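Presented below are the structures under discussion, each in the form of structure tokens.
Below, chain A partners chain B and then partners chain C, in two separate complexes.
Up next, the complex of A and B:
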């Protein structure tokens, strides 16, 4: 992030009274329509969904409300339609394959992948936790949970983990999508509120974005964490529901009793759903950056591998990574992040501005191209020297390597010298490879060079399968209890604040 | 500085012999442990403060291991570090053949490559020849192990082991059964630019824990020795350095007053130079100066700070500074190569570099803290990580970054910041996330270390 650019944006937004686009292109794939998911938790229960809405984002949503989510039977019964629908959609999407040639090998990957869209990053975490819970359910009391629940758990867990991949489009958190594509006056903490972000972009006539986002923050409820007022209403409705049902979990009895809770969550979800639809509709028309299709192909590949493992082979994932898996994942994520940042800047001039301001990139007119010979080791080789006139003063040390954006996946240019040139600078660079026409600009061209490279920097090998002794514990940890242990216990009774003992006595 | 070879020639009065003896005893204990464990799947950890003579200890230990007939792989995280290790090993063990295995374009500088007995074989050749002492970066060693089968060593020695992460150590660890891990606990931890680098934190699989961290987590019985000396830092520098090593007692080997930075041309010069000369005089007299520019929220690569740093460097050389120390009895001129400017960001580095180059000072080293780790200079000018910041964050509070910046010097360190920086640490520290199974908290530790450093530098503040 460039401090200079952020300061510029802040001043412009303040003056113009609305958020500004950070990009000229869309750097995320957006399906038409994606599958939207919105979720609500109980305030005191982070690991259960009190309500879950889903459906194609261009239409109405379906809503799963268990009533009492801490009751296993009610919880599973409510989630079953969602699980079954999610599994069916994923299987259907993964069924159509397309052949792909890579390195002389023909692979078959899904022609599409099911894209999930959620309002915020907190919902990504919530879905990950829900997936982790459902994927490892045990056959408690000899009664196996519905297989769709377990399969959906594996899917959600996959999606949440894949969401860590920079530039992925399988699970899109809309707050991150908007914050990535728009400059606003909101702090990083405030940007987690999708309604506040939306209000900065469309504050409404006569309203400054400050006022609009403050009003949105005060009134909009996005989830998954309930606000105090939601929890208070939910608590009262939940108490009525539990009192009315007694110990019953019979759908015929419980269904009608859960009506007020369903209505409560339905009313909460409607504005969230509309907001999600509005955000996606606003972003989709922006032209997709060229690398979006390549990144989505990687997403499809991962999606296909996942479905093959979980559906075809009935496989499970480990609950935690091995040291080897973690090491591989870290390296992949770092490589992908570097490539994603380079792709964005190289393809999108608006994205390059931050790098120009931070001194990671230079832009100027090619003044001359001169071929020369340099001795490398013992051989004299041909090299091209370019003089570039930048209208701005350039601060770059000699020896710095820069890639021309037109050949960002190829060979770098090395800074030979930087001299003042009027109000700007003349930068002399040498191509570090044999000069060929496709590697060279033409005198008079206005070009940009940056430290960003879109090519593969290094080819690394997989670490050994067996961990070395240093990464193996002296003693193995104890086997954990099942993830749903304790589900049979009655939920703790709510605490009556008026009857609680005076905490002052502990002082 | 090279410890044992030089201290033998040094007059006793220049060194604190109690401290020297305590350090020698710890080093001997470590070598004894290592030789006792050789051949077993076991390790010895050497935890050192800044300038503890780690490289010297490593080079001497490698010589002893080879003398015992053991095949050794010596590694460190960066190319600069391993190249310096080659040189150090040859200094202490001139007869020892050294095979330096490197990546493309990472050959040894000609001066080191020309040393007798130094070869630069390919990984495959080193494997075929079964070279008895191989030096390579951790990444290159891991790659050579996987690609070419270069392994089967008796002992793996890792220098800067607190900089090496568990992921890289995973592969390199397979090259030998017995390991010696040597490192500076105060320096920067391994880091990653990915958004949720704390994803694995607290888990045994965390790839970003240090090599020492993963080893001790899985094998808590591993002997850990604390080296109780700093050869680089002099007594006036040690109190500040101790802020970064809680629970690790150490002292300076050199006695007070042995080292001296003398500015032979007196200040102050003209009026604009007065504050600059005041800072240089304070640093020469006390070993520290904390220059505080007027408080202002500024860009990361703030031109005012960068220009001020250039003027400090330029004026320091213009006043024909000279130094003496425990191993140089006479005063010798301070050269540009004896000076470093330490910064936190690459754009700060580029700006200062360009400004110094424009004054014809290419010999002055300018680099970020993470690339200055392991290096020593006579004088360091540190661009304070919080200079002109409006908020504190984990990156700028990292105690490792400040530790590196304030512990590279032998004579004096001049810290450049703004007079509002300290106010950032007033009040309550920020809330930080907790991680099961992971005790350190870089933000709170950094908060504490920064506060301690500000307090200790208070007598040396030079307002501008």
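Up next, the complex of A and C:
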């Protein structure tokens, strides 16, 4: 983040009364249409979806409302249609494969992958917890849970874990998508509210984005965690529902009784669904960055591996990584993040601005290109020396390696010297490879070089199969186990804040 | 943090500042929250005057939604009740399993019961807390659990009693802070990592105040352990589990933050007679008058707005943000941006400098990168009406 750029954005938005684009390209794949999911939990109940809406985002949503989500039978009965639909969509999408050649090996990966979009990052975490709960369900009274619930749990867990991969497009949190593509007056903390973000971008006629987002923040309800007012209404409706049903969990009995709760959550979900649709519709027309298709191919590959493991082989995932697995995952995530940042900056000039301001990149006019010979080890080899005139002062050490954005996956240029040149600088660089036409700009070109490289810099070895004793845990990671033992407990009665001695204790 | 005697003049000044604003008793949780906004003079005065910042602006559009879901409160109440049921059987079981010490016959003293809910009651509870903590340090034969402790401490020169939600667990001459939270832990990880951080901050504040209490009693404060225990439900139900965590670095951080709190008595004495939250909290006044009164108070006292900490800890955050917007203050988008703009007072001026307007000598350091940012952005995405100047 460049603070100068952030300050400039804030000032312009304040003065002009409109949000500004951070990018000229879209850096995330958006399906047409993706499968939207919105969710409302019961306050404090991390595993209980009081309502779950889903469906293609260009159409109406289906809504699962269990009535009393802390009752296992009612909860599973309500979630079953969602689970069955999700599993069917994933299986259908993964069924069509395409051959891919890589390193002389032919692989088959899905042609497409089911994309989920959710309103915010909090929903990603909520789906991950719901997935953890459903994926390892235990039997009750000798009755096994519906297999679709277990399979859907595994899918949700996979999606939530995959959402950590920088630049992935399988599970898109719309607040992050918008915050990544738009500059607003909202701080990173406030950007977690999708309605506030949307209000900054489309504040409505005659309204300043600040006023529009403040109003949205106060009134819009996005989920998954309910506000006090939502759960006050839910509490009253739920009390009526439980009183009317007694101990019944028969769908024919409880279905009609859940009507008021269904209506309550339907009314809450409609604006969220419209908001999600509006956001996706606004972002989709922006041209996709060239690297989006490559990243989505990686997503499809991961999606295919997952479906093969879970659906074809009936496999489960670990719930706690081994130290070796954690090290590999961390390394992969870090590499992917570096590559994603490099891709964005190299492909999108708007993304490069922050790097130019932070001194990680230089832009200038090619003043001259001179071929020379240098001795590398014992041989004299051809090298190209370029003089670049930057209109801005440059501070870079000798030997610093920079990649020309046109060949960011190739060989770097090495800084030979930096001299003042009028108000700017003249930077002399030498290509660290044999000069070929595709590796060279032409004198007079305005080019950008940066520390960002989109190519593979080094091959890294996998950690040993048997880690040394220094990296072995005292106790082995826990075997995945069901976490649903508490389903049999009596639900806690709601307590109004006015009746609690000190409600802040339970924040 | 030296101990001071209460200054009646300062107390009167603080009461005047409070006016009809709702008052709130100090507790460790609020102190931990205050630590995150301690740099703000308005927050410091409100803290000193015991103003409930969450309720001062009640009834206006600036009132922040800090309300809790009844189900979330109910879950917390049910979890605490579970731990206390049948002579604290569940609490004894989980502590025995987690601390490798038999708590079957541990003495459990609940200081929330049997004392008046007023300052006299707090003073008595603070005395008992200090005595019991000194006894624990002496190493009683059986473990001791102290529930609802009250700690006496000076923060910014203000002596106050702080109620603790947590427990003091005495084992073998060592005091371990224990805290109950109703969010679940799954696969050894908290379901809500932000909540974990807040809980550990509260526990670290408790350790810090506990050490002060021990010092006042002439007992070695080192017997207050650096590690704390969290008792939380495991998985989907309420079955409790225990986790022990070292919070030494958090203790140091909070100590540093609280030692930097300005002397509130001096602040109160220096506050002009006209400054009071009386009109801000007056529900008979129209909203505009109340918000305007708030702006006047904070203009005099000063405000430091950091979105992430203020919006989670202070009930004045929305009102402060609105004041910043009205003033075109660069702090609106956070302190990091504001600190990068030395010598520039308003966003309007930042916009001018971004368009290449000549800078004064004071503005020069920030003006150069701003002008460059404006030029680079305009090259890529021209402002409406500007010709495109896109580079290769």
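We take it that the second predicted complex is superposed on the first by the 482 of 507 C-alpha atoms of A that agree within 3 Å, B and C clash if a C-alpha of one lies under 4 Å from a C-alpha of the other, contacts with A are read in each partner's own complex, and residues count from 1 in each chain.
The rule is simple: a contact is a pair of C-beta atoms (placed from the backbone, for glycine too) under 8 Å apart; a residue touches a chain by one contact, two chains touch by 3 or more.
These numbers come from a predicted model, not from an experiment.
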Mind checking the superposed model to see whether chain B and chain C fit together on chain A or clash?
-> clash
Considering only touches as defined above, state whether A:3 meets chain B (first), chain C (second), both or neither.
-> both
Return the chain, chain B or chain C, that is in touch with more residues of chain A.
-> C
So, does A:320 touch the first partner chain B, the second partner chain C, both, or neither?
-> both
Return first, second, both or neither, reflecting whether A:434 touches chain B, chain C, both chains, or no partner chain.
-> neither
Partner chain(s) touched by A:14 [first = chain B, second = chain C, both, neither] | second
Partner chain in contact with A:363 - chain B first, chain C second, else both or neither = second
Could you tell me if A:397 is touching chain B, chain C, both of them or neither one (first, second, both, neither)?
-> first
Tell me which partner A:294 touches in the superposition: chain B (first), chain C (second), both or neither.
-> neither
Taking the two structures together, which residues of chain A meet both chain B and chain C?
-> 3-4, 320
How about chain A: which of its residues touch chain C in the complex?
-> 2-8, 10-12, 14-15, 20-21, 24, 42-47, 129, 132-133, 185-190, 210, 214, 218, 225-232, 234-235, 319-320, 349-350, 353, 356-357, 363, 392, 445-448, 478, 483-489, 492-497, 500, 502-507
Which residues, counting only chain B, touch chain A once they are in their complex?
-> 41, 43, 142-143, 146-147, 166-171, 173-174, 177, 179, 192-196, 199-200, 203-208, 211, 214-215, 217-221, 299-301, 346-347, 350-351, 353-354, 357
Complex contact set, residues of chain A against chain B = 3-4, 164, 166, 320-327, 329-331, 333-334, 337-338, 358-360, 395-398, 400, 418, 460-464, 467-474
In their complex, what parts of chain C are in touch with chain A?
-> 27, 29-30, 61, 65, 67-79, 165, 182-184, 186-188, 191-192, 198, 233, 235-239, 307-308, 311-312, 318, 321-322, 325, 328, 330, 332-334, 336-337, 339-341, 347-348, 350-351, 354, 366, 369-370, 372-374, 376-377, 379-381, 390-392
